[in-house]
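After this come two complexes, each holding chain A, first together with chain B and then together with chain C.
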Partner chain A sequence: MASSGSISISKAEKSFIQAGLISNPPSRADGRSLYDFRAISLETGFAPLANGSARLSIGRNPHDGSGGTEVLAASKLEVESVEPGGGGVDGGRIACTVTCSPAAYPHLSSSALDDLQYDITTVLHETLTHRSLHPKNLGILIGKKAWVLHLDIVVLVDSGNVYDAVFMAARAALWDTKVPRTRSVEYKAKKGVVGAGGAISSSIGKKKGAGSGEEGGGGDMDVAEEVVSGFDTRQIRNATDFELPDYWDEGEVLDGRDAWPVCVTLNVVPPTHFLDATLPEEAATSLRLLLMFAFDPSRHDSPNVQGMRTLGTGELEVSQLQELIKQGEKYARYIWTALNTKLKEESLGRLKDRTKF
Partner chain B sequence: MRSKTIHDRANVNVEVSVAAFSTGDRRKRSRGDKRILEFAATIKSTFEPVIQTSLYPRSQIDIFVQVIQQDGGLLQACINGTTLALMNAGIPMVDFVCAISGGVHSTFPLLDLTQLEESDVPNLTIALLPKTRTVSLVTMETRLHVDRFEEIFRLATDAGLVLHEEMKAAILARSRSLITSVESQRKEHELPEEGGMEFN
Partner chain C sequence: MAQPAFDRRRINGPEESHPPVFIDEEPSQTRSVKSRKGRASSDIRPIFLQPGLISQATGSAYIETERTKIACAVYGPRQSKGTGFHEIGRLNVEVKFAPYSCQDRRAPMRDAEDRSIAMAVHQAIVSSVRLETFPKATLDIFITVIETDGLEGCVAAGSIAASTALVHAGVEVFGLVVSCSAAAVGDEIWLDPTDEESKISGGTLVLSCIPALTSITSVWQTGRMSPKEILGCIDTCQSRCNDIHGVVAQALSSPNVPG
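Moving on, here comes the complex of A and B:
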């Protein structure tokens, strides 16, 4: 999978690009320094039919919208049965799919495109579905129903650095995701008419508990008061179904949305490395190192490395790797901070839009 | 693809992909899906007579259609988008292709149906070549009373002509912006002015 997505360039061009990168001062075709990113633009909520969505582009020309890597990400929630044969998991699950538009890779055959899609999907899926990142509010009814979150990513244009773009778009879409509120419903016979076995009242539980089904107890003296302990958390088990209450917003945000990692790709051209490669630069780089970082806001000093992957045919010494991880953390923190600022801006903007009515 | 080359004209290849999140309920359609293939074949047969393929023997013109969101009128949007993309790419065509969907509710003809309307109103999509006023595509997957057909068809044809004006305006605006950018560059490099261009 060395660089199956990238274009092929001549040996002369390759060595020209490499010579530029390692010269002092380094020079790149578009005049950036080694650690500069192209301009990134991000828009969340572009797909009204999804539960969360984001459109991200790196290096798009702001005047005519041409060029640049462009990625769409959208998350969609579905209810899934947890019972055997249903395919679901208690507490919900996440499934990531990356699709590459053939327009992004016109030089690839459809089977090569499938391979490439599969490669990106694997990296993304493995990283995002790690246990430590799992959101807590994807469960609905224990042992019965749970949400499955489908995260679909479409790569519309690839002008290099597609992994960083995919991860940023994924983080933005998951940040934007709203999980619909659910209320568990249980059915039970009224106390007074148990023998008659007819009336069924539905009491709405989860927070209110099972207290409301009692008024049928009327004149029967033997009925003991039903004691509901504050510690009794089992009552939820009685719930047989759930309903979606109508509410003014689309639901609550996905739990742990701060934790989704960002990816930074270090393109290694010994003795140096550079960021945000364009397609020709990618083709001239024999080794790319993907590092996925998550910065826990509560522990400011120690970020988590959520994933690591090398792409390409080059090789790396352990000491070099340590240095690269250290550097990568610094870049990832920049990306992280910038992305968070933008996401907060976006959600504020949408709140304003909503309160206009 | 070598096996697909045609010795006297270009091969037109259409690939349609539909994003899984484009519809209300998530549905993953792969490239090999029958419905998608049929859709691509419809677009291909609409454009093959319009593109001047004989100018490019032994070559291939790829048309990639990506559906991001759908709420009815999918085919017309694909065709109109393809027309504009082909023109933007500078591929010689004999005419615009303007597509529009139409339907009928009891006796009232409707244009440009939404997804909801499409699901319970008989509807058809036509593609019109406005200069010659010929129709290169008529498709209908529902049942429609034959007396209503002419009415819708005429209305859709008129709508196609309106659409043509809009598309022409968009193409001309794009060409003008290209010309101004070329001219400003030419002034920068102080190249001698050559013959101008005229639109009519």
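Moving on, here comes the complex of A and C:
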């Protein structure tokens, strides 16, 4: 039932790992302290056909590129009909999918793998698609069309701490995402001319209602002269279609990209806890606490918790939980700061690449 | 998991159909609500709990909190089929929705099953069950949602029903698991929110705990909340859980429980 990707290890190994973690000073197999992360490497924009993408690995060996958790994330935008039956919603929507490569979990049966990726998908989807995080620029035409953002994540290799990796990769890919600009197009029939195909002129207005465009000036004049009944309370939306002024790799950044949370997994081995568990360590831990934090740059003292989950068979006291949340906030802030620095570096690097010519 | 296969056993309706939207049912635009309608912020909906409703099962329970109605049956411990040797027993939770349980119809087979709720219920009760007492065996818990009003309430009521059914089945547990949900609306914390209330809230939290041991088995939070709000929610939920624990204990010890 509780399908975790964890491997099964012997009782002796389990107790050896636990004894190491709670000994003083604590010792781990790879010599890290309890709150050390393995080295994280991140690259954005690796998938040229996606609207935004990121490739992240935790703990890859820098010399031969072996080992480590490896996650790919890519976002792709599609236009969706908002009309009944289209499945879309006004203002757009986000759909997250996590796929676990069978190569990453050779010990799991295909149904257990399905369950595992469904579980990770649920946590990611419920956290990222909450109203409080919804980007404002996914709508196209009210009542007609909207963008749907598919965020697809592939876990290529799992050597522990997959939730943190997935959330970091998701944040990086969404940060990298560019939404193509759209302009709404409306067709207006000339007054007095009935049913003449040639009489349809197009006027192009900016999406955010920035007035009418330059083309089809005659049509605009006619509309302005139309007498509108004071009793007509229906709102008639004229925009019927939209066009894309951008090329495929241009666009504006996704709104609210600062707000996507990072996840920190606290592996609880009473009386202590540790971060960034490897696979054997995960198998020796009975309780994990996932904390999704986002830090608003304008308000330094009050972070937002965007999600919280407990996984595993362990139990907690309230006082323990309070302490864990407090500590988790501290770790999450480190991850947040480091990730932001890296993301800014990446976008600067990309800007340099583009202006080289 | 949802099964994409075509359902040959039933007469399938048209490929595409939509529930009608009635004028008086248009989603209310009450975005900024100052105070709660109908009950105080720390009030929960009254609970009706009856163990032993499904005579065929080893243990069962039915729970009703206003518009949330859930039936739960426990089978086992029985021999695990088709799995390898397990030193500790397995706990299997399945949640099924009746087609008429939600605002939109949930088609049988296709989207009747909800693994995320099953996962939450499993997480809530697994640490209370002494799984090491039945190696090689499986406990199956089937939860049928007959009507639902809010996902959080569904998880909370489902966990309470599952724990009650386990005890009714005579399975050894460390303690009764009870569960309570809360929503942060503005500056207030509303306990046991309905669907509408959780839609206007900034974030929701479901806390499951064993009041007898004062330990927390599961925290399930979504939405935006500050750490202070979360701790506030946990505190109020926990104190309310003590009351719910009394309700469950009374339901189990009342003399007219069948089975």
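Quick note on the criterion: the second predicted complex is superposed on the first by the 311 of 357 C-alpha atoms of A that agree within 3 Å, B and C clash if a C-alpha of one lies under 4 Å from a C-alpha of the other, contacts with A are read in each partner's own complex, and residues count from 1 in each chain.
As a working rule, a contact is a pair of C-beta atoms (placed from the backbone, for glycine too) under 8 Å apart; a residue touches a chain by one contact, two chains touch by 3 or more.
Since the model is a prediction, treat every value here as computed from it, not as a measurement.
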{"item": "Fit or clash - chain C, chain B, common chain A", "value": "fit"}
{"item": "First (chain B), second (chain C), both or neither touched by A:E329", "value": "second"}
{"item": "More chain A residues in contact [chain B versus chain C]", "value": "C"}
{"item": "Which of chain B and chain C A:T122 touches, first, second, both or neither", "value": "second"}
{"item": "Touching partner for A:L311 - first (chain B), second (chain C), both, neither", "value": "second"}
{"item": "Partner chain(s) touched by A:P303 [first = chain B, second = chain C, both, neither]", "value": "second"}
{"item": "Contacts of A:S27 with chain B and chain C, given as first, second, both or neither", "value": "neither"}
{"item": "Minimum C-alpha spacing, chains overlaid - chain B and chain C, in Å", "value": "11"}
{"item": "Residue numbers on chain A that touch chain B, as the complex places them", "value": "47-50, 53, 64, 72, 74-76, 78, 97, 99, 101-103, 106, 110, 150, 152, 154, 156"}
{"item": "Touching residues on chain B, where the partner in the complex is chain A", "value": "15, 17, 19-26, 28, 31, 62, 64, 66, 68-69, 177"}
{"item": "Interface residues, chain A side, partner chain C - complex", "value": "1-2, 84-85, 111, 114-115, 118-119, 122, 126-127, 130-133, 289, 294, 302-311, 313-318, 321-322, 325-326, 329"}
{"item": "Footprint of chain A on chain C - complex, ascending", "value": "1, 16, 18, 90-93, 115-116, 118-119, 122-123, 126-127, 202-203, 205, 210, 213-227, 230-231, 234-235, 238"}
